[in-house]
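Both complexes below contain chain A, partnered by chain B and then by chain C.
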Partner chain A sequence: MNGTKFALLLMLTGAATFGAAWLIGNAYVFFAGYVVLQYIALATAWNVLGGYTGYVNFGTAAFFALGAYTTVVLHKLTALPIPIMMLVGGLVSGVVGLGTGYLTLRLRGAFFSIATLALAVVVQTLITNWNFVGGSRGAYIVRPPTAPLLGIDYIQYLFLIMLLLVVLVLATARAIERSRLGYGFATIRDDEVAAEASGVPTLRLKLLATTMSGAFMGMAGAPLPYYVTYLDPASGFSLAYAVNGVAMPLVGGTSSWLGPVIGAILLGTLQQVATVTISSALNLLIVGLMLVAFVIVAPNGILGLLQDARERFRRPFAGRSQA
Partner chain B sequence: MTPGTLLEVSGLGKRFGGFVALESIELTVAENERVGLIGPNGSGKSTLVNCMCGTLRHEMGTVRFAGRLLDGLSAHERTRLGLARSFQLPRPFNTLSLADNLRVPLLYSGRHGGQPIDARCMELLHMVGLADKSDRLPRDLTQIEMRKLELARAMAADPRLLIADEAMAGLSHGEVDDILSLLIRLNGQGVTVILIEHIMRAVMHFSQRLVVLVAGRKIADGNPTDVVRAPDVVRAYLGE
Partner chain C sequence: METSFDLLSNAVVSGVLLGGFYAAVTIGVSISFGMLDIVNIAHPAFIILGSYIAYIANATFGIDPILAAVVALPAFYLLGVAVYQIYYLAFERRGEEALRGLAFFFGLLFITEVILVLVFGVDYRLVEAPYIGPTLHVGAVDLPLRLLVPCLVALALVGGLQVFLSRTFLGRAILAVAQDQLALRLMAANPVRIKRIAFGLSIATASLAGAVLIVIQPVEPSIGRDYIGRVFAICVLGGMGSFAGTLVAAMTLGIVESLTATFYGPSWAPAVAFGFLLITLAVRPAGIFGR
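Presenting the complex of A and B:
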């Protein structure tokens, strides 16, 4: 299946998702669905860096919140349509991603991850002390009841926008996987020295990955202020984004674009259901337990489990002991 | 640089903290030459390779390749100029199949002609006898097969100069002969080869010229049969 066909199929799936949500006819479906979609975009964005190149980013919340706070700034200055704000948010987070990549050039493994964690703390401190965006008091966004042009309910409009972003992010992620760039990213994950010796410009590709990943996270965060209508640093930089950003791809499987989607739908839906039925404080506990369980039982996520099963089906007598 | 010279290392020095790993190394390699590089363990052979290929930065001296000063060029830029190497300890891309391992240099070295990439991957795997495992992962290989993969990946970059860093360690007599004939065939096609090796039979058979490093200094350079008889070399290997 080529890229165009895949994008079309994604759009059809997206349209079907929107249609299904519409048919259910419950406003809460859009409200909860938005969060799940946002996590698909976030998890896929994380996976571009974390899964493809193997650089584990704990600073998802920073890139996400930067997108959201870009919207707050733009909202206070002008009145722009949300898709434009998303582009600007993506630009801001992308530039920060590029900067992070440059500053952490020599850091690998856990040290890179610690640096990204530090970035999140630094950015949060800056935002908390920036009065223009409300500082620690937070900022209110008054959203219109219906969307411009389309005339549909505003939450439905946000749902639709997030759906389009998911289509864009997934189409990009899959295109990367099957391209020269995808092979380059994989060699960075496996062995940077050998990659250089094979002609791969590891530095350039790494910066491309941090920029792209950051930009998509920023885009996913940009509509947030309109969704929650009140944004403060504690919620924008919530631990939930960083934890989910890591957990969803790992639970789903980092080797392919499908992994983060599976992880985000599974964990995102579970959290939404738990919020309504049990308690909203239980969310992260569920994610944490799932993450621990998967790291122990299925380190390659659900996709890895499926692949193993397929392998055993194809070659029933090939022992795995040779590994 | 005299005409016909492909590689010219002059005054190259490398330190790790207070330890002098290489000291004023002079080395020239002519176009299409087969050079053997030997020396006891820790004498700086791999460090020299790493400095020439850009994996390590050296503090002193220069490396010229095909008339071009390589200083400041990163490893991938040197690979693209046609300077490829295999690693002493195989460093395969563990999550990629064997065919994809070779696909990477074909895609990135920019030295790949018009030939379809899939066909070239298979051709290279055939050459090292791994064709039937093209869709397997490196973890399914034996150490020896990994060395062959390592060599095939260096060849996939279509180099003008190939540096084989102990490509034959641990191989059987017959396998050493296979790799040797492979390297000699490659040399026949116009590729200059530097062979770093401990197996003297292979080195003597292969090399037109032999260079000896001891404790970071070049102590001999010349005709292989003369070099191995040189008193300095004998002393370095056998003691006094």
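Presenting the complex of A and C:
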């Protein structure tokens, strides 16, 4: 299946999703669906860097919140359509990703991860000290009841926008996987020294991956202020984004674009249900425990488990000599 | 003019005291990350765990928090041994420490924090001890005991570990692991066993570091994250495994933070540590005492 066909198929799936949500006709479906879609975008964005090149970003919350706060700033200055705000948010997060990467990616991978972890704390400090965006008190966004042009309910409009972003991000991720770029990323993940020695421009590729990944996270965060209508640093930089950004791809499987989607749908839905039925702190504990359990027991995620199962089904006697 | 000089000298002195405390917080990471090459980003979470244990001992039995931490040292050592055992079997042996090992420690950091939130809530907790209130005055300089005592404990901890590493057989074996694991195997020694002991020691330091942390400031579960940037900035700047370097780097960061807090406001302090970390990584990744 080539890229265009895949993109068409994604759009059809997206249209079907929107249609199904429309048919159910319950406002909560859009409300909860938005969060799951947002996590698909975040997890796939994380995987562009983490899964394809093997560099771990713990600062998902920072990149995501930068996108959200860019929207808060733009909202205060002018009235722009949300898609344009998403582009600006993506630009801001992408530049921050590029900067962090430029300073730390020439060193061992662990340093980049540590820097992103610290980045989350610092960006939060800056935002908390910045009165223009509400500081620690937070900022209110008044959203119109219906969307411009389409005339549908605003939450449905946000759902639609997030759906389009998911289509864009997934199409990009899959295109990367099958391109020269993707092979370049894979060489970095498998053996960076050998890749460098064979003439792969590793630093440039790593910077490209970091920038793209950060930009997609920022784009996923940009509509957030309109969704929550009240944004404060504690919720924008919530630990939930940081841990889900890492847990979803690793639980789903990092080797292909499908892994983060599986992880995000599974963990995202689980959390939506758990938040309603149990407490929200407890459901974060579940995510953390699943992350640790999966990296220890099933390092290739659900996708890896499925592949193993298929192998065993096809060649029932092949696995016995190993076991 | 004189008042601003007093302000400056007070800021520098409290920075030095703060730096001593930072050394206690970092020393565990200097062992695990600097010597053993284990990127234990969960270390601050273990420190907060140490704070809460000191808090429980202090609040329920009225025990001195630092004494409680000394009593808890063996338990933390065993915790460290257990964590290393899982880490070794699941990641290090398979050569997967880069991506999944990091995610494992991130998961531990997160789980510890959420469990502490579930058990204790997000309220700030503090301890009571005779040295928390009073302040010594030397000329114009104030020496608050709640900073001085942690600094002395930290210096004792760092000094003790330094003596242990350089004078005992086991300590030298740990230094050998840091230098060349393959050579150690060729001498028929088992690097995994030595690393297990060393990692246990690194987590044990978190008990003391946690106790002095809660002496210095009230603690709630998420403040561990504020220390991640600091701890790794100090560790890298200090030249990874070097204790003397850790001490110097910790004091430097303490002084810079204290000056920032005095002249610009305390809410900017976390940003200073991050700036430190980025500049160190960009300009001098080998640290001040690096080869």
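Quick note on the criterion: the second predicted complex is superposed on the first by the 311 of 323 C-alpha atoms of A that agree within 3 Å, B and C clash if a C-alpha of one lies under 4 Å from a C-alpha of the other, contacts with A are read in each partner's own complex, and residues count from 1 in each chain.
We adopt the following convention: a residue touches a chain if its C-beta (ideal position, glycine included) is under 8 Å from a C-beta of that chain, and two chains touch if they have at least 3 such contacts.
Note that the structure is a prediction, hence the values are computed from the model and not measured.
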Subject >> First (chain B), second (chain C), both or neither touched by A:265 >> reply: neither
Original post:
Of chain B and chain C, which one touches more residues of chain A?
Top reply: C
**OP:** Check whether A:201 is in contact with chain B, with chain C, with both or with neither, and answer first, second, both or neither.
**Re:** first
Original post:
Can A:129 be said to touch chain B (first), chain C (second), both, or neither?
Top reply: second
**OP:** Please indicate which partner A:184 is in contact with in the superposed arrangement: first for chain B, second for chain C, both, or neither.
**Re:** first
Original post:
Which partner does A:95 reach: the first (chain B), the second (chain C), both, or neither?
Top reply: neither
**OP:** Considering only touches as defined above, state whether A:164 meets chain B (first), chain C (second), both or neither.
**Re:** neither
**OP:** Tell me which partner A:305 touches in the superposition: chain B (first), chain C (second), both or neither.
**Re:** neither
Subject >> Residues of chain B touching chain A in the complex >> reply: 53-55, 74-76, 79-80, 84-85, 87, 91-96, 100, 103-105, 107-111, 139-140, 153-154, 156-157
**OP:** Spell out the residues on chain C that touch chain A in their complex, using ranges where they run on.
**Re:** 33, 39, 41, 86, 90-91, 94, 96, 98-100, 102-104, 106-108, 110-111, 113-115, 117-118, 222, 225-226, 228-229, 232-233, 236, 267-268, 270-271, 273-275, 277-278, 281-282, 285
Original post:
Which chain A residues qualify as touching chain B in the complex?
Top reply: 180, 183-184, 186-187, 189-191, 193-203, 255, 322-323
Original post:
Which residues of chain A touch chain C in their complex?
Top reply: 50, 54, 56, 58, 100, 103-104, 107, 109-111, 113-115, 117-122, 125-126, 128-129, 239, 243, 246-247, 250, 254, 281-282, 284-285, 288-289, 291-292, 295-296, 299
